[in-house]
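Data first, discussion second: the structure below is written as structure tokens.
As written, the chain order gives the labels A, B, C and D, with residue 1 at the start of each chain.
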Amino acid sequence: MSAVTDAATPTTVLEAPHVMEFPYTRSTGPVVGAFLTGLRDRQVLGARDSAGRVVVPPPEYDAGTAEAVSAGDLVPVASEGVVTSWSWNPTPRTGQPFDRPFAWALVRLDGADTALLHALDAPRDAVRTGMRVRIRWAQETTGGVHDIACFEPGEAQ
Amino acid sequence: MSGNRAAVLGTGQTRHVAKREDVSMGGLVREAAQRALDDAGLAWSDIDAVVLGKAPDMFEGVMMPELYLAEALGAVGKPLIRVHTAGSVGGSTAVVATHLVQAGIHDRVLTVAFEKQSESNAMWALSIRIPFSQPLVAGAGGYFAPIVRGYIRKSQAPLDTGFKVALKDRLNALKNPYAHVREPDITFEKVAESPLLWDPIRYAETCPSSDGAGAMVIGSERAAEDSDRPVAWIHGTAVRSEPTMGAGRDRVNPHAGRECAKACYAEAGITDPFRQIDCAEIYVPFSWFEPMWLENLGFAEEGTGWKMVHDGTTALDGELPVNMSGGVLSSNPIGASGMIRFLEVANQVRGTAGEHQVPDAKVAMGHAYGGGSQFFAMWVVGSEKP
Amino acid sequence: MTETAENDTTGPVTGIVTPIRLEYRYTPGTAASMFLRGMKQGEVRGRRCPSCSKVYVPPRAGCPMCGVEFAEEVLVKDTGTLVTFAVVNVNFANRVIDLPYVSAEVLFDGADTTTMVLLTGVPVDEVRMGMRVKAHWLPREQWDFSMTNIDHVEPIDEPDADYESYREHV
Amino acid sequence: MREVAVVSYAQFATRREDRRNEVEMLLPVLREALEPTGLSTQEIGFTVSGSSDYLAGQAFAFVSALDAVGPWPPIAESHVEMDGAFALYEAWVRLQHGDIDTALVYAFGRSSPGDVARVLCLQLDPYLVAPLWPDAVSLAALQARALLDTGGADDKDLARVVARSRRNAQGNPHAQLAGDADEGQLLDQPLYADPLRKHDCPPVSDGAAVVVLAAGDRARELCERPAWIRGIDHRIEAQHVGARDLTTSSSTALAARKAGLEPSSVDLAELHAPFSHQEIVLTRALGLDEDRTSINPSGGALASNPVMAAGLVRIGEAAQRLMDGEGERAVAHATSGPCLQQNLLCVLEGDQ
């Protein structure tokens, strides 16, 4: 706890750190669950929407018609694709994929019509829109979005 | 009535349970919403706007979850509003949706309220320690138990009043397929002998922590006339708020609750609520709040609400059945609890309440409250056009 | 800070755990700071509403009944009347006190609002509304910017307050 | 629709506020907004506010904020967990019923206690996106890149937006960042969240804003030159930024159409664009011509960005200019969610 004096008033205002912390337990439901099960198997799944697009990650409900997406109708897409946009993150924050400056990228995986957001492990001056990247899988996959460790330059091996 | 006529075209809710581990948050709200649409005989494309209600975002650890839920709510390309008025939110949300129709802006508004408490822990969320503050309040029970004691002192109510309310609501819940707490072998003795948590409140007199959602489609007069399903006409709505910590504020019989009821009755043309209202769903998270709210809502004189509990007036077959569904005591997905009160009474006047239907219910009241007994939302619905 | 699957490693994924930790710098504001500085000195400070004359303890920024800012600071006593209470038999992860304990709403003498404090020094079944109580302060060297400097209240040897004198605070 | 107007507006001078809590920020602003109308809290027909518990780091933050209003005897009141602009929408809806004539709208937010760009991660898909903690600056930068990649804008355009914001903010006593920076100087600054520079991002602001609405003749009684709301609408898109065309804002365009916006008639626009490129996206989605319309005469959200109040501030700023006779027609905009996911448009007209 600390006290800071403000010149504008004679009042000494107090201040203290306040932490809110909780490990939320989330049930995924069938569609998100199927996507995460796919990641655990090192396989990315998408859903074909009412406009004919393959959307990755698959939405639970179609944005155009509001109809439910069936987990059984998910389709596999490739583990490599093209960067459709990127940004440089100079000040990594707690919980982000890297604790050093890194790029975020939107990647349209081959076979998909929309882009997936994740970190891209590449030097800043090497990152370009349009560059080919592939998924670097986590050494151990557990069924979460961190099963994708990040994207990295190159084609799938 | 204020503005254009409006009616409930359909309702839906989930089976309330401690943990809905088979669905995401999107899946949970969707289940209630889809049921409301099906009940109204409508499709997603018939909906003009969506109003979502939910209690604090910390319960699920999602800030303004309506943003992420836009697709699940079928709201993409539509207006989407998120209401948060603490425990009263389910009721306030229905009122906001009603306003959209009464204002003549939309013909069919979907309103949904939910809580997925199993994502975290309500006790934790309600007891987050703020620096410099007193850590003494032990959850909602710790806050409300002294108020219940105040009621007992003021009214000289017999100490078993709360047990009787709890027993009634638990038994009513057995007739409600959506209720969370189902104890077929519940008895007066079991309630009376359950652990004393926050004296004077016993375990069996408290509400559970539930995952659940409730939803309604609220429509204009034209939409109601186009519908081939029974509808509940909205005769009156009201919301009222007062400060939490006001000096000398009556927390047992809050002024805001009395004012809210008065405004709601005035709009609905009700002058004698006990005679004119056939049944009510009242927000009772701790059993003693039934007699307290009966007085606050003008169904009983101050200090006498407990008598209606003891003489069976509020039983399912009584003169004024209260919480026919089993109430909050039997299901409490916090953010949805108020909306469930509202939709249950809509079902009563539509004649679609099922096994806990009050025969011939024509006018019914839904009630919600929140905060430190300071936020109130109410409506009166009827089978006839106002 | 990664999510971990709650599932076994072969069946379909049905759940994840997502830890969330947020850090804030919290300020209680000027009014509460004034109160807490008083606590640090062993004083119970309130503020009086210029409109309705009620004294708020702890003080807030303004009078919630009148919507005006407080002006006058007043000292209230650390004796008071137990207005209502709960006997708590259930504990929480973030709060461990020996059970049962009495959570008391006390109207300190000179205040118009009640404050929730721990009551000890009397068997639980003898606690009653209207009891006169006094604050038991922690040792002076432990005083901090905190309401918890008043560790608890204890009964004092005075006749119970007349119910009508505190009825409006119940 | 019933005629409804903004009749009074006040705001807290935005800055990092480390002394006052939310109630203490609101109290003087509420008084300042109500004073010229002569209305008391009890005379107001409906009160509604917007705020976020997560900004404050405590559940029910709005509950204690209500104390500032002095809601006694009890008032008809509601709260949205949204920007205050959406609270204003709710008030406008309520006024359409015809039984009440006035409404009080307020919003408040303190972004400084936490890391607001990180707090906003909690708005994202809680299963697939939020666990990566992509902060709001990084997401906005992805959107900026997408826009720049189309070739329809370059970094000079971004600098031009910032320079104008800083210049305009010099005339706004509530603004946090103001100055005379020229575009060249701005472009000399290093890239921060490439392709954004620090000045392309909003400041961390704490603030509060209050708007009083009134209907019909009551508005004319309360205000010499009310700012009439001629249309108001809001629309939302699906959230995932990878599935949206980030270079445009379809929900903004749709809301503008529903609100009856005629871009060529607008004298001034207050656009809730926390990042410089978002102003360009919005200006184009609305079909505004910068030669015809003064964009963000207050400096906009780049000059001060009190999250949860910044959208209501846009409506207040636009309305105040009309009330002051600085224009005939205005449009105000508010946004919510990552990369302009949800957008509200309010078309305003000065009293003729």
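Convention: a residue touches a chain if its C-beta (ideal position, glycine included) is under 8 Å from a C-beta of that chain, and two chains touch if they have at least 3 such contacts.
Model, not experiment: these values are computed from the prediction.
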Minimum number of chain-to-chain contact steps, chain B to chain C: 1
Reference chain C; chain at largest CA-centroid distance: A
Contact pairs, highest-scoring chain pair: B-D
Distance from the mean Cα position of chain D to that of chain B, given in whole angstrom: 33
Centroid distance [mean C-alpha coordinates] between chain B and chain A, Å: 37
Inter-centroid spacing, chain D versus chain A (mean Cα positions, whole Å): 28
Centre distance in Å when chain A and chain C are each reduced to the mean of their C-alpha atoms: 43
Residue numbers of chain C (touch at least two other chains): 1-3, 14-16, 18, 20, 22-30, 32, 36, 60, 64-65, 145
Of all residues in chain A, the ones touching two or more other chains: 1, 9, 11, 13-18, 20, 22, 24-28, 32, 36, 59, 63, 94-95, 144-146
Chain B residues counted as touching two or more neighbouring chains: 21-22, 24, 58, 60-61, 70-71, 76, 124-125, 128, 130-132, 243-246
Contact graph of the chains (line, ring, star, complete, other): complete
Sites on chain B touched by chain C in the complex: 21-22, 61, 123-124, 127-139, 141-142, 145-147, 149-150, 153-154, 195-201, 243-252
For the chain B and chain A complex, residues of the former touching the latter: 19-24, 26-27, 30, 44-45, 58, 60-61, 70-72, 74, 76, 118-121, 124-125, 128, 130-132
Complex interface listing, chain A residues touching chain D: 4, 6, 8-9, 11, 13, 15, 18, 20, 24, 26, 28, 32, 35-36, 55-57, 59, 63, 84-90, 93-97, 104, 106-108, 114-119, 124, 129, 144-146
In the complex, chain C residues that touch chain D: 1-3, 16, 18, 20, 22-32, 60-69
Sites on chain A touched by chain C in the complex: 1, 3, 9, 11-28, 33-34, 36-37, 40, 94-95, 142-146
